[in-house]
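I am attaching a structure below and will ask some questions about it afterwards.
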Amino acid sequence: MLDYQAILEEIHESLKKTENTGEVASYIPELANIPKNKFGIHLKLITGEDYFVGDASEKFSVQSISKVLSLAKAFQLVGNELWKRVDVEPSGNPFNHLSLLELENGIPRNPLINSGAIVVADVLLSHLKNPKEDFLDFVRELTHDDSIQYSEKIAESERITGFNNYAAANLLKAYGNLNNKVEDVLDFYFHQCAILMDCRQLTNAFFVFANKGNCLKNVQHLSSSQVKRINSIMLTCGFYDEAGEFAFEVGLPGKSGVGGGIVALLPHCFTIATWAPALNAKGNSYMGMQALEQFTTKTKLSIF
Amino acid sequence: MLDYQAILEEIHESLKKTENTGEVASYIPELANIPKNKFGIHLKLITGEDYFVGDASEKFSVQSISKVLSLAKAFQLVGNELWKRVDVEPSGNPFNHLSLLELENGIPRNPLINSGAIVVADVLLSHLKNPKEDFLDFVRELTHDDSIQYSEKIAESERITGFNNYAAANLLKAYGNLNNKVEDVLDFYFHQCAILMDCRQLTNAFFVFANKGNCLKNVQHLSSSQVKRINSIMLTCGFYDEAGEFAFEVGLPGKSGVGGGIVALLPHCFTIATWAPALNAKGNSYMGMQALEQFTTKTKLSIF
Amino acid sequence: MLDYQAILEEIHESLKKTENTGEVASYIPELANIPKNKFGIHLKLITGEDYFVGDASEKFSVQSISKVLSLAKAFQLVGNELWKRVDVEPSGNPFNHLSLLELENGIPRNPLINSGAIVVADVLLSHLKNPKEDFLDFVRELTHDDSIQYSEKIAESERITGFNNYAAANLLKAYGNLNNKVEDVLDFYFHQCAILMDCRQLTNAFFVFANKGNCLKNVQHLSSSQVKRINSIMLTCGFYDEAGEFAFEVGLPGKSGVGGGIVALLPHCFTIATWAPALNAKGNSYMGMQALEQFTTKTKLSIF
Amino acid sequence: MLDYQAILEEIHESLKKTENTGEVASYIPELANIPKNKFGIHLKLITGEDYFVGDASEKFSVQSISKVLSLAKAFQLVGNELWKRVDVEPSGNPFNHLSLLELENGIPRNPLINSGAIVVADVLLSHLKNPKEDFLDFVRELTHDDSIQYSEKIAESERITGFNNYAAANLLKAYGNLNNKVEDVLDFYFHQCAILMDCRQLTNAFFVFANKGNCLKNVQHLSSSQVKRINSIMLTCGFYDEAGEFAFEVGLPGKSGVGGGIVALLPHCFTIATWAPALNAKGNSYMGMQALEQFTTKTKLSIF
């Protein structure tokens, strides 16, 4: 039997001694001000046990991690119709965010790159009565925690500086792959990214993907086939152009965010979330990647 | 001595017998409603003689042809500083309007593709007191014709449907290569494209590029070195990804617009404008390209 | 307890009723002549049981499936040094086989695209005394079957028609990422691809990847960490630009070949191989993909 | 009346005072050993007068300059059929030599990039009885000089190190756009590039392009329409991804080679050749570009 608490503490100790060469995301002031040395891990077993170290209960901006939750909601709402508007292939290159959209006539490569997540946001806008409220309710329900909130301040910062996302949304509109107004879709999208959660809450929210579509309270939100598909997308596309590297080093489906969070999971076994705000050159948490690599190496638990 | 009038009439007759496989631009209603069989040519010699056939005095939307005039104004205003923000190389591929921007960190390939013209518009916005009025005055002055106007209706149509241009402008903004607000730059840009002129007016406006920088009234607007550079850009970049083909078939610096106009010139010799609204697959006037090919073949007048 | 034999038979029956819209690879006569309706599956459990239907014991050209075996041998020989010469990221686009090589200075995206496998072949050529003999011995040892042979006829056909591979190898050479002679590396590579195996032999050969690096005879060939990495590469890169789709539909690490074979595995559980020579537009076996999708759906066994 | 000799001497003096930041091409020893400070200009007027300074009568490897001569011969032999196998558009990007071939199904962008010149060489191989002898005769005839020779030593060096050209030729073969054997086409191509000429000979050889298709001895080799087309291709494609820059700064059709030569011309007026072996980052002669820019600025003679 593995002593998970000891393993998390070993990892914590080991990383304290490692030089943190990452950089905190600086494109909006709200992210830039987070202290670089914050670090937390929370592990939740499928059997319900929780283990954690460090700043695991401090809230941060989940950013792109929210794309998995919006994907789950959209998949639940429209089923396989979703794949007519967004593909499920890794994107390959860092530079070609918009290039690939042009090459492929406005069909984003996958729902976890920005353009794909904007299409997913457009789907939610079309199918939810009160999109921002309803989506927040969905996240609260998965997490079993009504305290979860949007950070209006971060959402507003993203709105002011998010020219790349405006470019992507307008390009999607030009290709006829956006049904709602650019401003409305991005307002939703910026809020979605600005959800504040801590590591514990993330392991709770992602429990549904480790548990065949059933959330913490054992409510079925997605079919096991849908969960299998979402997990496969996390594995092949969850870490930008470092997806192959994460699969190779860590071997778990997961998703990172520029807020420094990473959440990953082993189906039928556990969910795990790390927070360490300094990012590597590819935009993934420098310490979080290492913590998870150590975790799967020490426990020999991975999907491979 | 060439009989220019007879040559223009021969071309006109010959094209009447040619099947017009082009298509009128359909993306905004104002362009889509133009009758496909409109056709005019106006030729102005450096010595002042005018020759024309067909609908040469009917106004149409100059669209991208205006990019040469805005480039001329910006070059006049800021000189070689301009080339820090936009390059002078042909763009190569049709598909990669935004791709190349990403690859090259927000420096558009040249001032005659949309992204480059948007940067030029941004320069004008920063340096003109009343940008729209002042630019229209510049065009009127070059043309020696105060009746030239913006079509507010076409400008508004472009504003509503120009998602690709919004994408380009936002991407430039993301790369720090747009100093004014996206909305303001595009308002100017959509107006600039929506100028209405006829073939005769276009030959008058472009006289400055055939006459070492001196306009019809012999006022020096640009140095002969600046004119040489603008002409070279027209030659290498004036016809989207068909620039090589136009140089190859016609052999003159020129610029086309989706309104169906083409204006071209032989330095120290003449300016010539054609109008035929149906476009080929590359977005250049189908009949205009043929008329100019016939003209330089019959007269043996080209830069090569 | 699952009745695997019944499941394989159900799949076989179901596919008999499905129209096979795939096409047999035609670029070399030896592949083009294979009857399109051949079909076999072989399943081997980690516990040793075998199940099969159809043409599971008919030999075919393994083609790209061999890339996993050459990767395993090279990884065994040089360890993590290998990753200095080839990356582990999915390649993204179909068209850009050589484009990406140029963009990334001669480092292939991963070892399962042709250029990557050619680098792996170069490593084997440098480290094996008698490369072709030694590699065949490795495959025979993994499979526990000394009857496995190269098809000299297919290898020779590939040599005569393999201009794309000559292009890739010369480009690698130009970038300094090929140490041996182009002709020698490709002679090895064409032989490696021309190995003949049947479905049963493939499940035996890939047993090592489902069994923590231990082959059928329980000899340790790779560390469990190495196997995890090879499996992750199969998952993210094993199906050309359909890797995401295979992960999404099937949810197993695997590898396809243009000979119509696919082999896949669930770590600690089973290996499975299918053969159906007609390929879909992306170059993967049309019926094989469907058979495996049905298998993981019916058994609910996948890594996700 | 311009004093051409004085102008050439002024340019020579001015460049002596300029720091030469270029680098001599190093990829083959025969080019790397050329002294960096060699410099010559030769100017030939259409009226027959010659002017020169510096090392204008020292032979060097013409390299890519030969592509214009092989294009001329192939155009003479097969006429407009040529354009079915090679396009006439600028290539845009530096990196995408082979990428564009893949995107465009094996049709090179233009005959002055390597892949295009290899297709042209293939045409010559198919239509000349003794390709290498016949092509050399053509060059000698244009130049009116039987002393011109291939450097077998340089041709052999290129054969040993030309992996990029082998990659291009094999890719063309894979796309069915090469009719002869890769080895045979490249043997011809490497010889063509290895012709030795001096500045004076180059101005004589290119006289045909300034003189409506008539060579020095007034023999008609090409129609004036063919010459117009070849000149347009030189202008839009003659300087790799610096073609726009050369048109912009110099304003003449021309062609550079990695041996440090540049030849340019003003139709009906003059041909001019420079030699200065150190190259700028784009692979064009650093001093040669400047000399020609000064020449067209001082004389105000350009096509624009």
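For reference, chains read A, B, C and D in written order, and residue numbers begin at 1 within each chain.
Convention: a contact is a pair of C-beta atoms (placed from the backbone, for glycine too) under 8 Å apart; a residue touches a chain by one contact, two chains touch by 3 or more.
Bear in mind the structure is a predicted one, so any value in this text is a computation, not a measurement.
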* Looking at the contacts, which chains touch subunit A and subunit B alike? -> none
* Tell me, please, which chain's centre (mean of its C-alpha atoms) is farthest from the centre of subunit C? => B
* Indicate the whole-number Å distance between the mean C-alpha point of subunit A and the mean C-alpha point of subunit D. => 54
* Structure fact -> Cα centroid separation, subunit B vs subunit D, in Å, comes to 32
* So which bits of subunit D are touching at least two other chains? -> 96, 103
* **Interchain contacts, given as pairs of chains that touch** => A-B, A-C, B-D, C-D
* To do: Would you mind writing out the residues of subunit A in touch with subunit C in their complex?
  => 87-93, 96, 100, 103, 109-110, 224-225, 227-229, 231-233, 235-237, 241-245, 247-248, 251, 253, 267, 297, 300, 302-304
* Going by the contact rule at the top, pick out the subunit B residues touching subunit A in the complex. => 95-99, 102-103, 163-164, 166-168, 170-171, 173-174, 182
